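What follows is subunit A paired twice: with subunit B in the first complex and subunit C in the second.
== the complex of A and B ==
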């Protein structure tokens, strides 16, 4: 092999050290605290910033080279998808509801992560940290752009994709993801890293990007698999940054432990609630399913999260406070979410539906302890109502949790027949919560969460309760973008076009 | 004992890499799923540049892994010759 001659003069470790050393000068005419004013107010004590190294030791030249390669791969497939009727190759247009939720709620989260890491890259004093955060800021921008670009092809043919930016800012269910990122971005840089890099990325995004994207492949959606795996290839680096951040804080000073643990408790629960929507995407919205939400949780939550917290036990870290409640919710949440989405489908810019007999048999096989007992009877009742011409619609507005902003559709951890509801009074005002986890978060920082913009109260304070005006405001076309999939234009178009594509009529 | 893992896209680039990982890690379990391959191992997994080069028949820079990487789990350490994933070391 002739590669010996072109071998770089410095090894990977030396190259990385040279990069970080040369960027890390000591300021001479400005005070360090004035340059990095946000580094200390959260109470995290750091004695030696040089101890933070990126274990991948990625230098800028390598970063640009491999990111460019990822983009070339991505666009080759996106072009092929657009050129080969990719919009007809999906298993069923029901599947698109999952993509619509992704585009309206998750892609804007990528953009928010971009902004957050750009800021963190400026606010951390350590050079290794600055470089890794700045790379991640560029990655997250790439994720937002490639996702919007990949899904724009579906927008030419299907409803509900056209106004994702309005949906992001205004529609009720997207405020769940938006409030998560706003909460993280309005925290200090260390808490931001725990929120996004550790809890969201290390502990939870595997559930979103790995089994769900594998599911996209199974459903013939090459566009989504491609952006999903392309984004996830950066995610390995992001997760590692999150884990390094945790270890760094814990190794720097023992006083950091209680602060870090409290952030892990908070952000695990916040992330678990946001990603709960993925449970429904996996169990109900993929026409062909790779694995159930429960199976995915066993691999990426129980096994992987368990391994992580066992490894961190040497620093005194214990699993997050909400860990047991999360486990108790796993066999229920996808059903509770889907029942919620179906009853409020007049207000969603995607379709929901009643699962077919075949779908329900799959669900009872995957959820032997819960589906037939608690959820099949409800779907059977809803189906009967639909057949009678009186479909089940809930035109009342959902009671939202002041913390996670989800409607309180979940049940008590130990009683799946009782809706979970918590309430607290702060400065004479009443606040509602979906769970103990969310109420605890509020009680720790009430002054932050009383400022939350909640979509249901806003409907009254900003639009006088006029649902039609609200639909215009969020760019939701009644009877087109919303409601039951059965009878929708998406369903009609998919069937017609698929027929045209496979015959010569 | 905990499981470390690495998941790669299933494609022509990764086929020889997966073979190399299997050779270097007898305890590893290779799970083939739609569009991806997930490799699990107890507590420790090592990826060696030399073994990949033997499988590939050309020089290989370990950082090329970034292109087809989907996810991983474990504490990471990488230099020019090896990438290791470890729990409970």
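== the complex of A and C ==
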């Protein structure tokens, strides 16, 4: 049987059409609403799915080719890193605390994003959107995998990496990120796109990845830098998808504006709370620091975010409601959060430490209005307690916020000496919050947030307050994974091995 | 509207008091004393006398603060639900109207060593 040779290769534009738009069809024996049951209940009105633009015009065949090439390069470098004891090139093993938090709290978020986009790809009726979501789902799965692989080499030598999945599910400081993604995944497809595609990828990703990847480069961590490069071109695509999606919603119907604005308000604040973790990495955990959290915020928050919201103003969008409260918190949050991480470090699967004189001088130079006034005296006192042989451990645990699930370490926007107290009663039961932003989110959808599983109350409701049993349950090895860096096995090992590698003793 | 959903949606509070084996949560916070990064979380039987909560867990927990020794518990200013409150030390948490997940605050005007140290 003869096959007729095809005339010509398809051009870019035709290929895109054939491999995306042409994959869709009009259903004939099933109702469209039955096929896409989640497309309308959020109230977003779409009149023409074909107006969806895919600025990248990427087709699946080209996608596979690019990604395979990236994977090949990535694993070549990761193998070399492992074989050449790349772990001894980092500045200091204190750096690893930032990596451990990233692996326990953020990498699982990549996996969650994968699940969310796979679902959104199924639930959106438009073909262009389906294909874009499908690719992002695969990207995010790849990010989770490559991050875990990049960091697995450190697990052979250092503590705190071994049980990141248990930490993700059960420990307390990761639940801010976990609940962020759980909240997004249990929302409808449009809200999911605003939560992850827009708020996370577009507004916050720079504040998360740029400092973190530069931090890795500054601190000699080639494995993580390599991951960063491998993910960078994906992230550019993700940001574009997020922005495209929000513009699409706003252009389709004027009734969409208030819904979208409410989601922006909500997801900005939820994302801002996740960034609390990042602020401590930047200001306290990198032995060689890239820039302060305040400097990063000025560039990526104020400048870039400001320009974005100016651009969106033509649709009637205003900056997120919590923007001013966020600005007021910038010079305080990393210090407030880090003081918490240190005093509860018996319950962290990473090490923390009291900043040295040099660290504190850096902090007061970066935070001239706040550090010496509010935070240096606390660190100085904590140092005194340690020197006296009574290191500060706060067994009082913490009040967690019902929404962001973080310990309520944050202060009143206009009084940095007073904890922010917010509470509400719903169906006869009391709920506590860290801020107005979090309380507003709860009040909009209380039935959702009353179900929050909060790690610290769970220590009492599920384990009767037995801290040892809790440590087993979260796979935290007491005296090994937790506590002060000073005197830890990580410190001992790193210094010993680096000594062997750089001297003849 | 309590949640956007495709059908009736009713949530169940995860931390309701029945789940705490006869005890309840109480949050306690010392105003302007942020050596303690967050309000303390205590889990106590509702029959606990207010005085026992103060002389027991609370006194122990505030020890690391340099102002701790100077606190006179009988003269501190108390707040509950963020409003002034006069506890009866001899009566229980329940009899003082302190419910599950309530926030108790106390103030010690004039005491703040770590704030003036700079």
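Assume the second predicted complex is superposed on the first by the 491 of 505 C-alpha atoms of A that agree within 3 Å, B and C clash if a C-alpha of one lies under 4 Å from a C-alpha of the other, contacts with A are read in each partner's own complex, and residues count from 1 in each chain.
As a convention for this text, a contact is a pair of C-beta atoms (placed from the backbone, for glycine too) under 8 Å apart; a residue touches a chain by one contact, two chains touch by 3 or more.
These numbers come from a predicted model, not from an experiment.
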Exercise. For the overlay on subunit A, clash or fit between subunit B and subunit C?
Worked result: fit
Problem set entry | Cα-centre angle that subunit B and subunit C span when viewed from subunit A, reported as a multiple of 10 degrees | 150
For this session: Have a look at where A:66 lands relative to subunit B and subunit C in the superposition and call it first, second, both or neither.
Result: first
Exercise. Is A:468 contacted by the first partner subunit B, the second partner subunit C, both or neither?
Worked result: neither
Problem set entry | Per-residue touch tally on subunit A - higher for subunit B or for subunit C | C
Exercise. A:56 contacts which: subunit B (first), subunit C (second), both, neither?
Worked result: first
For this session: Using the touch definition from the top, say if A:217 reaches subunit B (first), subunit C (second), both or neither.
Result: first
For this session: Scan A:229 for contacts with subunit B and subunit C and give back first, second, both or neither.
Result: first
Exercise. Does the superposition put A:308 against subunit B (first), subunit C (second), both, or neither?
Worked result: first
Exercise. Which of the two partners, first being subunit B and second being subunit C, lies in contact with A:239: first, second, both, or neither?
Worked result: first
Exercise. What is the contact status of A:456 with respect to subunit B (first) and subunit C (second): first, second, both, or neither?
Worked result: second
For this session: Could you say whether A:389 touches subunit B, subunit C, both of them, or neither, answering first, second, both or neither?
Result: neither
Seminar exercise, completed: Taking every C-alpha pair between subunit B and subunit C in the superposed model, the minimum, in Å, is 31
Seminar exercise, completed: Within their complex, subunit A touches subunit C through residues 37-38, 41-43, 187-188, 191, 336-337, 339-340, 343-344, 372-374, 376-378, 380-382, 385, 390, 392, 394-400, 407-409, 411, 417-419, 421, 423, 427, 429-432, 444-454, 456-457, 460-461, 464-465
For this session: Provide the residue numbers of subunit A that touch subunit B in the complex, in ascending order.
Result: 1, 3, 11-13, 55-58, 62, 66, 69-70, 73, 206, 209-210, 213-215, 217-218, 225, 229, 232-233, 235-237, 239-240, 243, 247, 290, 303-304, 306-308, 310-311
For this session: Over in the complex, which subunit B residues touch subunit A? Could you list them?
Result: 2-5, 7, 9, 33-36, 38, 53, 58-59, 63-64, 66-80, 87-88
For this session: Using the touch definition up top, name the residues of subunit C that touch subunit A in the complex.
Result: 1-6, 9-16, 19-21, 23, 25, 27-29, 31-32, 34-43, 57, 61, 64, 66, 81-82, 99-103, 105, 114-115, 117-118
